[in-house]
Amino acid sequence: MNTWSHAFTAPFTAAGRAALVPPPPWHYAGWLLNVAFEHEAAGAAALVPPAAGRALGRGCVHFADWQACTDGHELLDPVLAQYRETIVVLELERPDGSRCNYCPAIWVDQDISLLRGLLQGWPKKAGSTWLTRSLPLAHPAAAPLAAGTRLGATLAVRERRLLEARATLTGAPGRPLGFLALPTLGAVGWPDLRQPGVMPEPRLLRPDIRDRIGSGWHAAEASLQLLAHPHEELDALGAVRAVEASAGWIGISVAGALDA
Amino acid sequence: MNTWSHAFTAPFTAAGRAALVPPPPWHYAGWLLNVAFEHEAAGAAALVPPAAGRALGRGCVHFADWQACTDGHELLDPVLAQYRETIVVLELERPDGSRCNYCPAIWVDQDISLLRGLLQGWPKKAGSTWLTRSLPLAHPAAAPLAAGTRLGATLAVRERRLLEARATLTGAPGRPLGFLALPTLGAVGWPDLRQPGVMPEPRLLRPDIRDRIGSGWHAAEASLQLLAHPHEELDALGAVRAVEASAGWIGISVAGALDA
Amino acid sequence: MNTWSHAFTAPFTAAGRAALVPPPPWHYAGWLLNVAFEHEAAGAAALVPPAAGRALGRGCVHFADWQACTDGHELLDPVLAQYRETIVVLELERPDGSRCNYCPAIWVDQDISLLRGLLQGWPKKAGSTWLTRSLPLAHPAAAPLAAGTRLGATLAVRERRLLEARATLTGAPGRPLGFLALPTLGAVGWPDLRQPGVMPEPRLLRPDIRDRIGSGWHAAEASLQLLAHPHEELDALGAVRAVEASAGWIGISVAGALDA
Amino acid sequence: MNTWSHAFTAPFTAAGRAALVPPPPWHYAGWLLNVAFEHEAAGAAALVPPAAGRALGRGCVHFADWQACTDGHELLDPVLAQYRETIVVLELERPDGSRCNYCPAIWVDQDISLLRGLLQGWPKKAGSTWLTRSLPLAHPAAAPLAAGTRLGATLAVRERRLLEARATLTGAPGRPLGFLALPTLGAVGWPDLRQPGVMPEPRLLRPDIRDRIGSGWHAAEASLQLLAHPHEELDALGAVRAVEASAGWIGISVAGALDA
């Protein structure tokens, strides 16, 4: 089949205008609550490919409320632009001794982002994220950026709560955590249905993130609960304990991916 | 049936803890795009009770992304707090010569807000609102508060687009519009199923809004499209034309309602 | 305010065409899984108005996949017609010694049904019901009406599982259970926001159900789990134990309501 | 990266239990409304790869309400099993003179089915399908299988109606149409983000469908409307005209895919 189609993803029409995902660059801006946690390092072996590295017993959950676009037309029809997701990353020591994150699980509420994630090594499935927003108002419902403001964040997968976090802003500056602090690897692979008994051999990639811009992070004290779930595998991490948290806005652009 | 239940709304349990709507005060903070429009004044007679007043041919559509709470517990489980809605108000001259708004139609995506609205005279039905958010970042996906930033807002009802707006921030201060500028009346009534052939006689009420706080409005130039819909009646307004727009954050509290 | 509007519910327009709920008769046809259960009778006092009667320690959960209409136009635009809900009823001895059910809780996924329920004394809130369907095929995914076929049914409220049931068809005829076996009372009331500190005094009503038609019930052995939930009150029932189950199709029509 | 993971799709964990899509065989049972239509044959060139064949000016829209499983566990937690979708297929003459269908567009409401489709060459995106169900009851809301029963089916994509169909059962037997009558090809391909400027070269595949079982098709007279949509490309087909329709239940199993 020749290069008849100008589509980046299915459907592969001649013009490619209906493609679910257009080519990068992809621009993302969002409000995030980041909760760094400790976990049982040994358990991560069930979730992390040995080639990626060795888990160090630290990770981060990011609850994110995104607005994303390519050339900007999505912002004029925001059903195309907005989605929420929950990202789990684990900190690894790579075989070469450097450090990175690996993403073993992520859940999103929109199809465009789901496929865009699979292409980058973010293994997205459907999930429902809720996250208190901070509005620039001194009002009981606004959760302004001030010491003592409380935030909640939750993830439900297949209609069961999987993660719940609560955070209280301290009023001090916070730090970038998780994928905001270290490069993050992911595994990309696709089975071939002509050989349905053969599992794919995923390739480790790292998104090529450029043009990061932040509003400054706001420190928080947080708690995190990981709940039992029949269809997920995060319980391999054992008990998790929140150790640090931050909230704020960030903008990034992804230009493609690199071998990792 | 005595006052056994402490519930404000159904279900009427003894403790009232499961009630869909708790009693006021209700606190709301949100991001709004307000698009004032002109319409055919005569057509409004199909939508506005004569007792409320006479339509002047002006109205406003508010696209709103809310966070709401009572004692604040909703902000820690934000599935209880967040919803989006589209509000239509029409400007009236009351029988006493004063001016007000009347709300003939409003659509929301959450059950708590739906019933809370019906109690106040906001005739809420289910609908899906999308609204570009402004994040405090200079980034292509952030729609920052700056001259030239473009916003989109849309409403779908029963899976058909009903309203679409686009706005470009001018960089100048904006004005409060619609329900933010004038008191807004609504009609409250409930049929009695023991007399299923009798239509209710609604009562005109006005929400008792207190403690309004704003971030300042940002002026915008906007366009507005009202699309045909088989189950709605806004086409009674004839052609609509956007005449002024503003965007910003606002916080209000509702303590109850007053006769109007 | 005179009887200017021909709307049965809000919005109260002149024509009433946009009203969320049209007047009865309301016709319902659906596929139901009914799971009768035993509970701690004393606990029901938290959920049942004393005027309704005394709980006997038996109840029923109905998982329902409905199609509803008035004059039939909804079947041609089925987003108006279809919804799923989970109904809990408790069996009571009335003060006069007769028996009935009372509905303390019900969750639905559509706005039309939500308000229609509140008018009848079904205290509906939003919830997400999933229910295996039986298709007339001998196929692994069809769950045909045959001995050994297994069905699942679940309810999530605010993104947390609240009820889970599993059933295995026995191949024998089943019985009508719950609201299909005894009249069911509900409480109808509306707070007046002009007196926001006054709780409403609900009235006991009974839907006026006519023209019931069934396909015959199919007996099942079932299990039922009632899970903890921070915003619900069914835990007042203590441990629940499934004692009988049936599945099948039923059609009913509601003409209004009667004092109960 | 070695074959450490037993996952068929992401996330690529060691056990593979959390994978979005488990390996085939995949079993599907559903209720379908099939509407065959005529279209402008020349326009299909924008949607069909030349290597697939030449469009003949005929196609079919399938509105489907599915229940799907692998080993059956999905039927006990039906949030995993049930989804709705709308499938468009076009009839082609292949280069060898044989006939087949090609699927240029399909929309679904569940993530598992979305990825499972992309693997088979069904180019799924998110969309909302509603379809009147036929229940085995003589009741106004049941749409029983009888002459004169009317059915509605609709598809909305990004909150805009794209397809609407109405059908009236004739009482006569119907025919299998569309993908139920001829093998259907699809294009499978994945871009490589390491070369973000290179469009993928999709491969033509044909699902390996086995164990088809049907309930018999019921003929219907139908109308079909294809509405304008800013993000889709079906308008390339020009005006469409319904020429034949059928409804019924079918069960199929997919074992993998074959080169086409």
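The letters A, B, C and D name the chains in turn, as written, and every chain counts its residues from 1.
One rule holds for everything that comes next: contacts are C-beta pairs under 8 Å (C-beta built on N, C-alpha and C of every residue); 3 or more make two chains touch, one makes a residue touch a chain.
Treat the numbers as computed from the prediction; the structure is a model and nothing was measured.
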Far-end chain from chain B, centres as C-alpha averages: D
Candidate from A-D, C-D or B-C with the same interface as A-B, over half of contact pairs in common: C-D
A-C or C-D - the one linked by more C-beta pairs in contact: C-D
Separation of chain C from chain D, taking each centre as the mean of its C-alpha atoms, in whole Å: 33
Chain centre separation in whole Å, for chain C relative to chain A (CA means): 39
Shared-contact residues (touching 2 or more other chains) in chain C: 77, 79, 130, 154, 159
Chain D-touching residues of chain A, taken from the complex the two chains share: 1-18, 20, 23-24, 45-47, 49-51, 77, 79-80, 104-105, 110-111, 114-115, 118-120, 123-126, 158-159, 187-191, 193-197, 199-205, 207-208, 230-233, 255-259
Residue numbers on chain A that touch chain C, as the complex places them: 128, 130, 154, 156, 159-161
In the complex, chain D residues that touch chain C: 27-31, 67-69, 72, 75-79, 81-82, 130-133, 135-143, 150-154, 166, 211, 213-215, 249-251, 253
